[in-house]
Every structure is written in C-alpha cells, then in structure tokens.
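To start, the structure under review is shown below, and the notes come after it.
Chain nomenclature is as follows: A, B, C, D, E, F, G and H, assigned in order of appearance, with residue numbering initiated at 1 for each chain independently.
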Amino acid sequence: MNEIKAILEQVQEGSLSVNDALLALKKKPYEDIGFAKVDIHRKLRQGMAEVIYGASKTPEQIIKIIHTMQKNNQKTILITRLSLEAAMIIQKTCPMDYHADAKVGIVGSRPVADGLGKIVVATGGTSDIPVAEEAALSAEIMGNEVLRLYDVGVSGLHRLLSHLDELMNASVIIAIAGMEGALASVIGGLVDCPVIAVPTSVGYGASFGGVAALLSMLNSCASGVSVVNIDNGFGAGVLASRINHMEVKK
Amino acid sequence: MNEIKAILEQVQEGSLSVNDALLALKKKPYEDIGFAKVDIHRKLRQGMAEVIYGASKTPEQIIKIIHTMQKNNQKTILITRLSLEAAMIIQKTCPMDYHADAKVGIVGSRPVADGLGKIVVATGGTSDIPVAEEAALSAEIMGNEVLRLYDVGVSGLHRLLSHLDELMNASVIIAIAGMEGALASVIGGLVDCPVIAVPTSVGYGASFGGVAALLSMLNSCASGVSVVNIDNGFGAGVLASRINHMEVKK
Amino acid sequence: MNEIKAILEQVQEGSLSVNDALLALKKKPYEDIGFAKVDIHRKLRQGMAEVIYGASKTPEQIIKIIHTMQKNNQKTILITRLSLEAAMIIQKTCPMDYHADAKVGIVGSRPVADGLGKIVVATGGTSDIPVAEEAALSAEIMGNEVLRLYDVGVSGLHRLLSHLDELMNASVIIAIAGMEGALASVIGGLVDCPVIAVPTSVGYGASFGGVAALLSMLNSCASGVSVVNIDNGFGAGVLASRINHMEVKK
Amino acid sequence: MNEIKAILEQVQEGSLSVNDALLALKKKPYEDIGFAKVDIHRKLRQGMAEVIYGASKTPEQIIKIIHTMQKNNQKTILITRLSLEAAMIIQKTCPMDYHADAKVGIVGSRPVADGLGKIVVATGGTSDIPVAEEAALSAEIMGNEVLRLYDVGVSGLHRLLSHLDELMNASVIIAIAGMEGALASVIGGLVDCPVIAVPTSVGYGASFGGVAALLSMLNSCASGVSVVNIDNGFGAGVLASRINHMEVKK
Amino acid sequence: MNEIKAILEQVQEGSLSVNDALLALKKKPYEDIGFAKVDIHRKLRQGMAEVIYGASKTPEQIIKIIHTMQKNNQKTILITRLSLEAAMIIQKTCPMDYHADAKVGIVGSRPVADGLGKIVVATGGTSDIPVAEEAALSAEIMGNEVLRLYDVGVSGLHRLLSHLDELMNASVIIAIAGMEGALASVIGGLVDCPVIAVPTSVGYGASFGGVAALLSMLNSCASGVSVVNIDNGFGAGVLASRINHMEVKK
Amino acid sequence: MNEIKAILEQVQEGSLSVNDALLALKKKPYEDIGFAKVDIHRKLRQGMAEVIYGASKTPEQIIKIIHTMQKNNQKTILITRLSLEAAMIIQKTCPMDYHADAKVGIVGSRPVADGLGKIVVATGGTSDIPVAEEAALSAEIMGNEVLRLYDVGVSGLHRLLSHLDELMNASVIIAIAGMEGALASVIGGLVDCPVIAVPTSVGYGASFGGVAALLSMLNSCASGVSVVNIDNGFGAGVLASRINHMEVKK
Amino acid sequence: MNEIKAILEQVQEGSLSVNDALLALKKKPYEDIGFAKVDIHRKLRQGMAEVIYGASKTPEQIIKIIHTMQKNNQKTILITRLSLEAAMIIQKTCPMDYHADAKVGIVGSRPVADGLGKIVVATGGTSDIPVAEEAALSAEIMGNEVLRLYDVGVSGLHRLLSHLDELMNASVIIAIAGMEGALASVIGGLVDCPVIAVPTSVGYGASFGGVAALLSMLNSCASGVSVVNIDNGFGAGVLASRINHMEVKK
Amino acid sequence: MNEIKAILEQVQEGSLSVNDALLALKKKPYEDIGFAKVDIHRKLRQGMAEVIYGASKTPEQIIKIIHTMQKNNQKTILITRLSLEAAMIIQKTCPMDYHADAKVGIVGSRPVADGLGKIVVATGGTSDIPVAEEAALSAEIMGNEVLRLYDVGVSGLHRLLSHLDELMNASVIIAIAGMEGALASVIGGLVDCPVIAVPTSVGYGASFGGVAALLSMLNSCASGVSVVNIDNGFGAGVLASRINHMEVKK
C-alpha cells in the first residue's frame, strides 16, 4: 500500500497528473514476453521469484524466460518438471545444473543457507525419491540446509526410529510417501515441529494414483500435519522454506 | 461328498428308491421358518453356526431363530448388531448376556479357549472400541483367548511400542482404526503373525465414512496384512478364530 | 534419548537394577484411566498437551480427564467438538468458558500471546465461522494473537482487498472456505507468509460435503499453501501456532 | 410448425395426397452420406450449421462432409479437434486455415462481427491456451469480436485486476482454468455480465483430469456463472455467441 | 475506476488529504452489521443486490439484514432457502410474500418485466418443482416474464413436443431435471436460445443425489447448454435474467 | 402414425379444417389436473398406464390421480413407494390392498396371469425382501405368475442349488441382492433365460449404499444379465413382464 | 437334473458302480485344453456356446479353441474383441469373416433368423458404431434379423422421430450412446418393447470413460429399460437374442 | 526386548560403556547400500527376508541387492514385478529361474514344503493367471505346497463344483478374480478355511481397474474372507504362507 501512498503524494505535489497516476496504479508489475507474463516483482511479493514450471514449455520458451529473469538481476533460477531432453537443449545455451531424478534444473549460484534450522526430507520408500529431491532442491535453492532421510517407511519402524534424533532436531519436516502414506502420521506423532505431508503417486491398484496416501495424510490423527497436492515436492519445499525463515512481525 | 456317496450306496442296496434319493440329494440342510432359512448344518460346513445378524430382524424373529437353534442343540448363540431396545425385549424371554457398546448379545455358555495362541485386538483410538468389542467377543465365543490393546494409535507411538511384547507374542492380530488407518501398517511391520485390518467409520471430513482408512489398509506396505469391510468387527473375529485354530490337513 | 542415557548411567552406577531399568524403559508416559490413556508427557513431546477431543466422550469421561490433567498441573485445557448439552453438564462441576458456535470449551487461564506475530483467520462466508472460531480459539489458547477477518470471500473481491494490510502483515494465515474454496488461492497469491487452507463442509449439491473446496485448495496454483482435513479448524490452529512459535534450532 | 400447416393446406387444396403428405411430414431435414447424417437444416434450427467434430473422423470423411456442406451453400465451416496430420491431408484438397494449438480448422470466409459487444476469453495459465483458442475461434467464426486475456490466474491477482476495464466492458466472459479453477469465481464476483466457466484438464495429482476445477466452478459463490464440460472450449464459444446475439423476442 | 479518478482529482485539488484518500480508497462499499457484511453497492456492481441466502441465518439476522437493506432504499428483497418456521417469525415483523414449495420469501414490490423476451422454466417431473419455483421466482423478481412448463420429461416425449412453440419462442430456457437429466439435451437439440441446465437431487440409488443428472447435463451433445450446481434454481434464475437483459455494449 | 393419417384423411375429406387439424395434431394425450399430467394414453403407448409413483405426492394428490384414472376406465392401479401413513389416509376414500413391506398399494382387480411362463424373483438375503416384493407385485399386477425364492444368497450355495429346477424352468428371473451382489452372476451362469439384476442398498461400509452390488452386477461374467437402478424393484417387474409377454412381431 | 436321475437309475439297475456314479456326477462338461476350459455343453445350458472372448488370447490359442469347438460340431463361432493383427494371423489357418470396426470375427455359416421380430440397434452418434456393430453381429449370429439406426442422437430429435415406425415395430431395441446417454430414456419413453441400454466410453472430460452415460441410463425415468456394462455390445446382443427367442414355458 | 536386556546386562557388568550401549540400542539392523536399505534382520522379524520388489529398480540395483543378500547367507531370493528385459540382464550375472507370466524371478534353491496343508490358488478366468502365478510362486518359495485351480469362475458353476473336494481339503484358499469378483464369496460359502481374496484389474468399463471386484470382495456375505490390494498376488501368497505355518504360541 506504500506504493499507492507514494503515488498519491506525487499527485498532491503536482509531480504526477491524475491520469498518469491512474495509469501507474494499473501498471503491470510483470514483463509480457508474448507467450507468458514473467513476474518480475514476484520475489518481493512472495519471497521467491526464480522458479519456472517447465512441464508445458518448450526449451526455447524456457531459455527466453531465463534471459528475461537474468536481465532483471535474478541470480538463481529453479526450473521444475524439466525433461532430460529439454534440459540437454537448454544446457547448450545456458549453463545449468540438471538433476535427472528430480527433473529439476538450477541456473546460477546457490544461496547460503540462512534458515532457523534444518529441513528434514523423509520418504517411505526408494520410489518416492524423485518427489523428495524436487522438495529438497527447491528448499536448498531458497536458502535452507536439508537433511535427507530416504526409505524409512513405517513397515520397518526401526529404520525410522534410528533417526529419531535428526527428526526431533528438525526445524520443519517434509514427509513423503505413497501407498498407505502412514509416514506422515507416525512422524507427526513423534515431533513437535511443523510437518508437511506430500502424498506420492507411488503404488498400484487401490492406491488410485496417490489418492490413498492423500486421504491418509489428510486424516492424520497427529497434530501439526498439513498436506500439499500429490507429487508436489516443489510446493512442500517452498512452504518449508517459508516456515524455516519465519521472523518476528509487528 | 460323503453324504452323496452314502445316498448312492443306499440306492445300490435297494434301501432307497431313485426318486427318494433324488429328493434327498436336494434336501435342504436348513430349516425354513417362514421369514428366514435357519442354517442348521452350517457349523459343520463353515465352523460357526451360532450367529444371528440382528440388524434387520425384529426381536420376535430373533427369539424364534434362537429357539429353532436351541432345538437343534446349539449351545452358544451370538447375536450381532443388536440394538439395546431389541436386546431388552429378547432378554425378557431368553437369558442373554448383552454388551451395549459392541451391540452384541450372547445366549448360552461360552466355550473354552482352545486356539493356538492369543488373539490381540488393537485399536487406534477410543472411538474404535465398539468395533473392537464386536471382534473380541466374536473371537471369544468361538473359543479364543483375546487380549485387548485399546487406544494405541500411531500418533503416540510410545503407547504402541510399550506393548511390543504382547504384539510379538500374538497368534493373530486384529488392527482396528479409523481416520488414517496407519495402525495396521505399523503393526504389520513389527510382527510376523497374520494381521487382519478393520477400517472403522470413525473420523470426519475426508475420512469419507471409513474410506480413507480402508484405502490406507489395502495399500499397506507391510506383508501379512489383509482387510475386511469397514466396521466389520465380527468378520475379523471369525477369520482370526479360524486362523488361530489351524491344524494339519492331509 | 537423554532419558535413556540417564537410565543407563544409573545402571552403570548400580543405582538401578537391570530389571528395573528394563521396566523404566517401557514405562508408559501416560496415565491409564480405564477408558482412555491420558497423555501426560505429550506437552513436552508435541508442544500441546491440554486438548480433549470431546466428540465421542461422555461429560463424565471429560470431567474425569480434566481432573487427571489438573492433578498433573495442566493450567489450560481446551475441549473441542463439545456439544452444548455436554458443556452444560460439565460446567456444573468445572468452571469452563464455553463457545457455542465453535463448540469449544476452555478450562483454566489463557496464556499470554508470545508468538512471532499475528495469526489471521479469514473465512469466505458467515457459514464458515464455526470452523474459524475453532481455529482461532485453539490458536489463542496456545499463546497467539489472532485477527479475525470473516466473510471476505472471493465473490466480492473488494471486501478481501480492503484488508490487504492486515493480510500482508500476518505471520501465518488460516484461510477457511467451503463451496469453491478459492479464498486460499487468492490469499496465497497476495502474501508471502505460510497459508493454511481449511476446506469446510459448507455448500450443497456438487460441493459434496467439502470435497470441492478440498480439491480446489490442494490444487492451489499459489505457493506456500497447505491443506488440512475438511472442517479441521483445530488442526489449523495448532499448526499455525507452531509456525508462529518457530525459533532457531541448532 | 408452419411447415406442417403448409402441408395440411396442400392436402386440403388437393395438391398433395394423404400418403405424400405423410411422407413429407416424415422427410428428413438432413442428407444421408452413408457414414453420417449431414444436418442441412441445422443452421435454421440452431443458429450454427457449419461445425464438424473432427476427433473421430477420417480426413476422407471430413472432406466429403465439407463438400456436402458447400454444395448446400455453407460459406464458413469450422472443424474442431482436428489433428495436425488430418489437417495436412485435408489442406491438399480444401483450402483451410488451420490453428495447431486449438486443433481447429476453418474453411471459407469469416463472418463480420455483429454481436452486442465483445466476448472476453480469459485463462488462468498458459497451459489453458489451447482450450481458450478453441473457444475464441469458435466465437469469431460465429460473428463475434473476441478479446483474449491469457495467463491472468488468481495466484497473481494484480495481473487480473490490471484488466478490470476490459472485464467490466465485456458482453460475455469465458473463464478458462485448470487446477483449482478459482478464476471463474473471482471474475464472477467482479462483473455483471454472464460468465461461462470452462474447467480444463490442466494440472496433476488431485486435479483428477479437471474434476477439481469443474467442482470449484460448479460451486462458485458468484452469481451469473454457469459451466460446460471439461476442455469444452467449442461449447463455451457457441453459447457465448448466442448470448452475444440476443435480441428482442415477442 | 471512475471512483478512483474522482478521489485522485480531489487530492489534486487539495480538497482531500493523502491520508484521507488512502482511507477512502480502502473504504468498504458495504455496511458491517456484526455477523455479516451487507453489500450495499453490489447492485451496481453485479446487477442484483437484493438477495439474502436464508439457509444459515436466524430469523433475527434476516430481519436485521432486511432493515439495513431497506434503509439503503432497496425496494425488493428476495430471501432464498428460507424455512417455513423462519418465514413465519419474519412475517410477524416484515410483510413478506412466502412461497413454501420454493422456500422463497419476497419483501417489497415486484419489478415490471422488462427483458428481451420470455424465460421458460421446464421440469422433467413434478418433484423438480421446488427448484423450478426458486428459479422462476428469482427471475420474476429481477424483471422477467416467466413461462412455467412443468412435468414435461423425456419419458413422455409428446408432452414436451406439445409445447414446441413455447420452447422455440423462448428468450432463455431453464431446463430442470433429476434422475437421468436428459431434458436439457433434448431441449438443447430443439431450440437455438441459451439453455441453462439445473440438475436436481430428485431420484434414488445411482442418481447419487443429483450426480447422474449433473454429469448427463455436462456431457450434453447439444450446443448452447451450460450447467449450474445441483438444485441451484436461484443461480439459474439470476443467469437467465442477465441473458434476458443483454444490451449493446461498446 | 395412423392417428396422423386419420387426421389427414379428415382434412382431405373436408370434415376437418386445417386449423382444427393442426390443433388435433398437437392435442395432448394426457389430462392436466394441475399438479401433474395424468397420462391417459400411456397404456397404449407403453403397455402399462396404471402406475403412480407415490414417493413425492400427498395422499390427496394420489386420490385425485386415482379418480382421474378410474374415470378413464383404468381397472387396476398400482401405487409404489407409498408410506404406511399415506396408505391409511387413502384407504379411507379408496378401497386399496396395501403391502407394507413393499410399500405398494393396489387399487382394483388383479389381472389374470397370461405370460409365456413364470417369473422367478430371487433374493440374496431377507433384507432384500422389500425390493423383491415391489418387483413381484408389479409383475403380478401386469399379468404374470411369480415364484418367490427368498434368502438364497451365494454364501450358502446349497440353498440356491436346491431350487435349480425352478430356476431352469423360469421364463425370466429377477435376481435381487445387496452387499457383493454375486447372486446375479451365479444365476446367470446356471440358466439360459433373461436375468434382470437389481442391486439393493442392503449392506454397510464399503457397500456404499448399493454401489458394490451395482458394479458387481454390471461386470457379471455371465451372459444374458442386465441391470436396473439400485432398489428399483418396480422397474425390474415391468421389464420382466414385457419380456414374459413377448409375441411375434412382423 | 435329469442327468442325475439317469445316473441314479443306472446305479439302481447295477449297470453303474457307486464309485463310477460319483465320478460321473463330478465329470466336467468341458474339455480342458491346457490354457483354458472349452465349455462344450454350454450351448445346452445357456443357449450360446460358440463365442470366444478374443481380447486376452493369442492367435494360436484362439485357433486351438476354434478347432476344439469344430471337432465338437460347432457350426458357427463368434470371436469378439479380436484385433486386426490377430485376425490376419487366424485367417491364414481358418476361413473367417472379420469386421474391423466391431473387432468381431465369424467362423462358419450364419444361422437363419428365427426370432419373434426385428432387433433394432440404435446409436446416438457415429463414434458409437463399433459397439453397435458388436451388438448387431452378435445378435445376427444367434439367429436374429437386425435393423441398424445409427447417428440418431437426441440433440437432433427429428432424426430419431423420423424412424418412429421402425422403433415401434421392433421386438427389442438396443440403445447405444456415450456422452449424456439420453438416447435410452427417449427411446424408452416412445416404445413398449424391452430396451437394452449400452453406455459407451465415447466422450471426454466429465464423461469419465462412459460413467456419465451409464448413470444416466441406470436412472432412466422410462420403464422397460435395463443396462449392461460400458461398451458391452456383445452382452446386449446376446440378451436381445434371448428376449427375441422367448417361447411358452410350462 | 531380550536384545535390550542383554545390552543392559553388559552395561551392568561394565563390559559396555554407556555411550556404546546407547549406540548399540540405535544400531541399524540393516545394511545401507546407498540407494536402498537392505533389511538383513527382516527374516527374523517377519519370517521372510528374501524378497525384492523389482518394479522400480534397475537391473544393476537388483543385482547389487542380490549380492548383498547372498553375502548375508540368504539361500532363496524372490524378485517380483520383474520385467522380461530386466530379467534377461540379471540372468547374465546371476542364475535365476524367471517366470514371464508372473513377472517373478527366483534366485537360489526352493525350500521344502513344510506347511500345515495345501494352499489352493483359484482364479475366475484365464486372464487372472499372472496374478495367480505371482501368488502361487510366492507361496511355494516360502515352503508351501500349492494347488492351482484356474478358470473356475462363477459363470460356469459346475467347473468350480467339480473341484469341491480340493477346495474342502485346502488349508488356505487364495481366490483371485476380476470383473464382478464373485468367486471369493462363492468359495467362502463352501469352505471353512481362511480365504484370501485378490481382486484383479481384469475387466473393462465399469470394472474401473479392479474396483468392482474389490468392493464385491470386501462386501462378501461369507465369513472368513479377507481382501488384499488389487493385483497383489505376492501379498496374498505371503499371508497364506503365514497362515499355513501357524503353530502353538504360549
């Protein structure tokens, strides 16, 4: 609202005409590059501006968006759901660190981890790792230290319990599981930090593409657990980062 | 098939005419009392004959079935899904031990426990107890020792783990839970005996009347877990009893 | 794990026999009062110990749990999903502050708000207020300042936008809506703090008891949004409190 | 009904025998070309006759239908759901303007826009553009001026609000969105013209192929919003055109 | 936007301070009466301001809202989903025309019908009449002439066809049906005006509370058909009124 | 179409004016009694005219419809889904044979059974009997001999097999079952007559109000099985009667 | 049961030992060819023995089954769900009439049509033709005259009504439609013969692979309509044939 | 718990320091080989350690796991859901018995059958055989004698009944069926041993990938039936083996 106030003050001072003020109030805080509106001010507004959802874009479009972002001084850009094929084309033009399992590309330097503590990313099985890596890399790129605890599902409880110290010391935990999704409830019952549950589409038959895990997690009898969309590692990573960067607000 | 053989031998001996044999082969091994076919031979055929599903029957019908069964020498009769109102009417005529939480009535003497070991009935919360009692009483009435472990859900894992000895010593475990139904997977991962999972309709919102727990249990990543219908404590009790009475078959 | 270490040291010192140590390791950190296991140590383990889920308990059971908790020095007890009838019976024995719309009872003194900032609880319509009050009271009872913004649904966007300052200053936002549940996405797109979305069962026809809002919220295109179960105001309040009390962890 | 009256008058005048009249009454207002009934009179009856649903037809069948339509003096023919491969074959025989993203082919001249005002076609994201183009081209081909507002989803509300003037001046708005489908509700709350909501199958996980957006749109708390099938851009375009061509009826 | 311009001009003229302008820009165009925000300017913004959704409000709340609206010069107020009991209480204070089948109350004078033509409200059966009356009364209260065609379902096609003239002369048709919902498709295939389909929860078994009719209507093979929520007669009436009041927009 | 021909011949003869003919062609073959259109000619058109769906009608409306039908010489009238309360009111005015379990009332004399053979109505359990009686009475009222085989579900196969003769001699079989609905498949595999499967809402938990039985029946691996709506005994009875009255058509 | 009687009489006569009788009673009325049990006596038992479900079998397996059937004097064999590739392999060995659209192969001579009347096979659109041809060919192969009425969907009601004579003269009607599936209800309301509804998976979006049409057909408000599985043309053809071959049974 | 006692005794004896004891208590009973935690002690804990879920692993990973297991003295290793391609690569390095229909590989020697009796694996059709073979091989590899009864579905009841002796002599029965899944109920009604029902994804249309069979089996009216996930042959085999190896537990 300060922006509006500034505009109004300029009107009062006579340094801005009414019509120009009206225009300024409507001015788009993004750059239109034809096929997409690149959101320049988003970082200010949402704390992360450097993400490109790669799934439905051509390599050429992605390159163009990267360049527009870089022109606007973005140091680090994360590209999610990026196929190996697209990554190989982009890498010819832009230096990019590509993680094939997570389908994530990183352009530019990684930030220093400056969160309140560690984010633990735990998975039920090995098949959940791609989603977990999307979450972990997203969190790292936003300035978090991440501890990975993979394949610690509830069917072998001792594997999970042997990491009790790490779980109890975590700042935020991302619990990722397919099939019956019980991991989130069990972890939620052990710790007192926020737990972000990510159901995955891992499973067959009555897992219904992740619905069983999703419902299981939504019904968690443990407190402090919330849920994001099936396979949404990125969303979990972003949310965990925001929680891990909480500060005093007056 | 022995029965058929006996009939054929009588035909061969001339002690039974072809028409009578034909009739005998078709003879109903149940007694028709108008509104229902009381299945007298069921005990032989299925190992349990003494059960009346009370939900859709009037007290008068139930009394009539009890009398028919008693006439056929049933010593113990279990009546499930029996409302308090119906129970009070029946008790005027038939001495009956009624369990209001389980909605179960027991007529006659209880059998001696003669199974291979103990059946553990575990629940996630206190709201699951009615289903658990239906299971436990059904198992007891079929000659099993039952150990009840109630309110040991996964959101407080230490409550479950403090009973590890009992779980590991069980012959069969019935794991009963609503909401996210994770109890079955966690128990299934701890023990090596058969686990029968019973989803309950306990919960709200996205539990969808037990569907979340049902799907969770069907997708259990632990081996040795199978599932019965939502709130089907009786079915779990019967199956547990059969497993607890396994013997050598040649 | 420190507790285990202490026990082992006592064994080493000879001040505790092996058998007693074994017993101590298994000792239940809860008090068994027959129909439920009251979890005394839960506050330590999960940061909130003082909650009773009232839905499936009799007033007598609730009173007994309150007394057990008070004996263990709980100063504040929150009872959720408590019917007016049960509340009136309990109030005869225990002084209790009862909120009829939220179906929430509060026994004891309220804590001082000591969070990082304010928690905003926003609803789409007036019918969502009971869920919102459950969330708001739960958060307040755990030491948070709560700002209520009710009836600011997206069908009258100016109502929401007129509160932009409060939204942007929030530490955490709980967005509560039934019907199409768009509130969470719109708020999620405006702010950079964590947003906890609570779908409600408000609506009719194709809202399917909150499923439409639930799916809408899970698919939110805004970052930083996570979801709890339909009508789960309490869960949202607890999670918001944890996030609002984040601190540095090493 | 005038046609029936005319036939009856001819019977009365004796210029038509009873049998011929009976035949005439049953005469089909379409031309049967073997594999399909080309509906010649449909334009009169429904205001649009020139559309071929291309999805389940061979290029040869489409060409034959085009020729039959042209023989019956259709000036403009729209072919929807037409694959690039089929389009290339058809273009060898018939001059056709093909839009690859919308999978729409246009044969013949475009009509002059003669509606009451502009139809705005708005999308939540860039992935919704194919459906939007199907809607926009369908509307244009039926004589409407169309304004495209793409990628104005609710997660960046300022992008939508910066087009408030265009939205408020629209005659009809087609709101197209996948994922959480909130765009329709937000637009519906801002304007007072009819809003046609088109859910798209854009999304993953709990979007269930467009179901989340569909339910969200059906439950819109804004008035004046109605919904068509998932991805049905054509249907939205036709309906918008009809509304934009409303006239006084006595 | 003119309002913003006016404020800016006052700032420029010095007749309004910057702070007051900022305040004015945020000023709520609704009156806050405690339990609800009565939307005074909504009529201007959406073309209908006079509706109260009665379902979740007490008679006292409704009376208070009516009085606030009347103070703001609303001449006609429509109250939907109003129970007979609530209506009888309200009628003691406010003169109100109550329609028990539609659960609709009308306070004040009815407007003159000034639409482009007639709105036809057609139902498949007699059980759909409550929803139809909600639609018809809503349309009438917004200045439309309504023609009711009830019980003209497709299982007796002659009943529908005998009203072909009325259907073909309609400006807009609201097609209301439960069970298989085929009425919308059949009408949609006969006419060239917009058809608004309203699925109803009439039916049993596999009608799933209106889902069968809803899906049927969404999949209509006829053009020009759009759908609103199950049982949403009011929404259909409002939309029909908007379409029936279309005018030239430049 | 003969009716149309007759009208045309009268026009040709001059005994009917064009306008009157037009009117006659549109004349409704039903009598409008205000709240419903009583379909007088339906018997001719569909072979059964004498049915009133009682569920959503008041006793007064039903009495009025009965009188209208009787005035039009209906000898037998069947009223389905008629509550005991409504039946008792109607019986004061009209002599009626009321069947409380089936909720069916019969006014007038029953027709002679004149079908090709017997219709067998079989149920899986005793709880399915109300639906079965609706089917059986509907079939009887339309001139069929009905054989009832109740409580012959597949969990006690011998009960079903002991009726093999009756099943194999049936003209049509109506197989009625809830829960897992296997009865239809088993009967379908034993006989070569048409089998009409009626799923019932009997069951609990994952029976989902008859959905489990419905899906089971739709997926029957036996030939000659078709399905009607859940609990639709009447529909099955009507269809069975039509099949049992098949005759040579040229 | 006559077979059993014969066996018993032989035992009585001494021409069959008890053991041999027991064996005979259990003798399988099918020939086991390793990978499948070819059901030789099925024709007697079910009135159609000559069908091979081709979907999950190799060409070699199909050829082997054909030969086994031919050895057992089957004159006509129908193979359903047979891919073009498999058909071409089979045709090298067995002369076979293959219908590519219906994926149906016919080996041997076609029977004479000896039913009560004509079976009409009607479809809503051209995309439903493959399912319709499966139904039509299945019915023809079982001795029925079939009349095909394709592309007569309800969105162009005149196309359907122009065939009213054929519909009214039909012995049985198979109504096949995808999308909204209204065809079955409309036809059911026009005729008094049995109508078999076949939902097809034709459609997109909210058709959910045929579910919309299935639900629509199950909820048909017309009498005499029953439903088979989605895309089950064969099942409809078999059932129609059985109904068209009804005869007097005593 | 004995392990814990042993550790404590060593601490008491001074042979183990407190810190080492703490470490030992946390020591992982599995070997971490980078991409997966190979669970060495699982055999002890769950009675089967030798299974690799092949679906989501590369041949190289599987080979590495096999070698780790063999190093730890596993004699027999079962690999499920193993594609033909992966099997061929693995066979180059490890001798392996591969079953292509079941997608099962067996490394090492098979154990002697030492169960209580025979496990019968029955299927409804030939398409269910792959799931059945997964179940049968899993059971055999765990020391069970298995009797296969394939293609005995309920649509030809005589095929099932001809195996009544084998069914009645079984120790455990695994009933595997797709489509309507009635096999489990019919078998459950015939025998008194535990029946494990496995729904398969065999079917089309309203079978919904196995959901129809799953629901049918969950709703089985026969006692002693429990259900595992769709297509989960392995899980059924493991559970059957556990039941077939029950022994006295004190």
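What we mean here is this: contacts are C-beta pairs under 8 Å (C-beta built on N, C-alpha and C of every residue); 3 or more make two chains touch, one makes a residue touch a chain.
A quick note: this is a predicted structure, and the numbers were derived from the prediction, not measured.
*Asks:* For chain B and chain C, which third chains touch each of them?
*Replies:* The shared contacts of chain B and chain C, listed by label, come to A, H.
*Asks:* What are the chains that chain E and chain G both touch?
*Replies:* Common neighbours, chain E/chain G: D, F.
*Asks:* Please indicate which chain is farthest from chain C, where distance is taken between mean Cα coordinates of the chains.
*Replies:* It is G.
*Asks:* Quick one: point me to the chain whose Cα centre is farthest from that of chain A.
*Replies:* F
*Asks:* Half is the threshold here, strictly exceeded: which of A-H, B-H or E-G has more than half of its contact pairs identical to B-C by residue number?
*Replies:* Residue-number overlap above half with B-C among A-H, B-H or E-G: A-H.
*Asks:* When D-E is set beside B-F, which has more C-beta pairs in contact?
*Replies:* Higher C-beta contact count between the two pairs: D-E.
*Asks:* Please work out the Cα centroid separation of chain C and chain G, and write it as a whole number of Å.
*Replies:* It comes to 59 Å between the two C-alpha centres.
*Asks:* Averaging over Cα atoms per chain, report the distance between chain D and chain H in Å.
*Replies:* 54
*Asks:* Just how far, in Å, is the C-alpha centre of chain E from the one of chain C?
*Replies:* 38
*Asks:* Spell out, as numbers or ranges, the residues of chain C touching 2 or more other chains.
*Replies:* Residues 1, 26, 156, 189-190, 205-207, 211, 214, 218-219, 223, 229-230.
*Asks:* With touch defined as at the start, can you tell me which chain D residues reach chain A in the complex?
*Replies:* Residues in contact with chain A: 126-127, 151, 156, 158-159, 161-162, 164, 202, 204-207.
*Asks:* So in the complex, which bits of chain A are touching chain D?
*Replies:* 26-30, 35-37, 39, 42, 55-57, 199, 201, 209-211, 214, 229-232
*Asks:* Could you please specify the touching residues of chain C with respect to chain A in the complex?
*Replies:* Interface residues on chain C, with respect to chain A: 1, 45-48, 116-118, 164-165, 168-171, 189-194, 196, 214, 218-219, 223-230, 235-236, 238-239, 242-244, 246-250.
*Asks:* Could you list, by residue number, the parts of chain C that touch chain D in their complex?
*Replies:* 124-125, 153-157, 179-182, 185-186, 188-190, 203, 205-208, 211-213, 215-223
*Asks:* For chain H, which residues are in contact with chain C within the complex?
*Replies:* 1, 4-5, 8-9, 11-12, 14, 18, 21-22, 25
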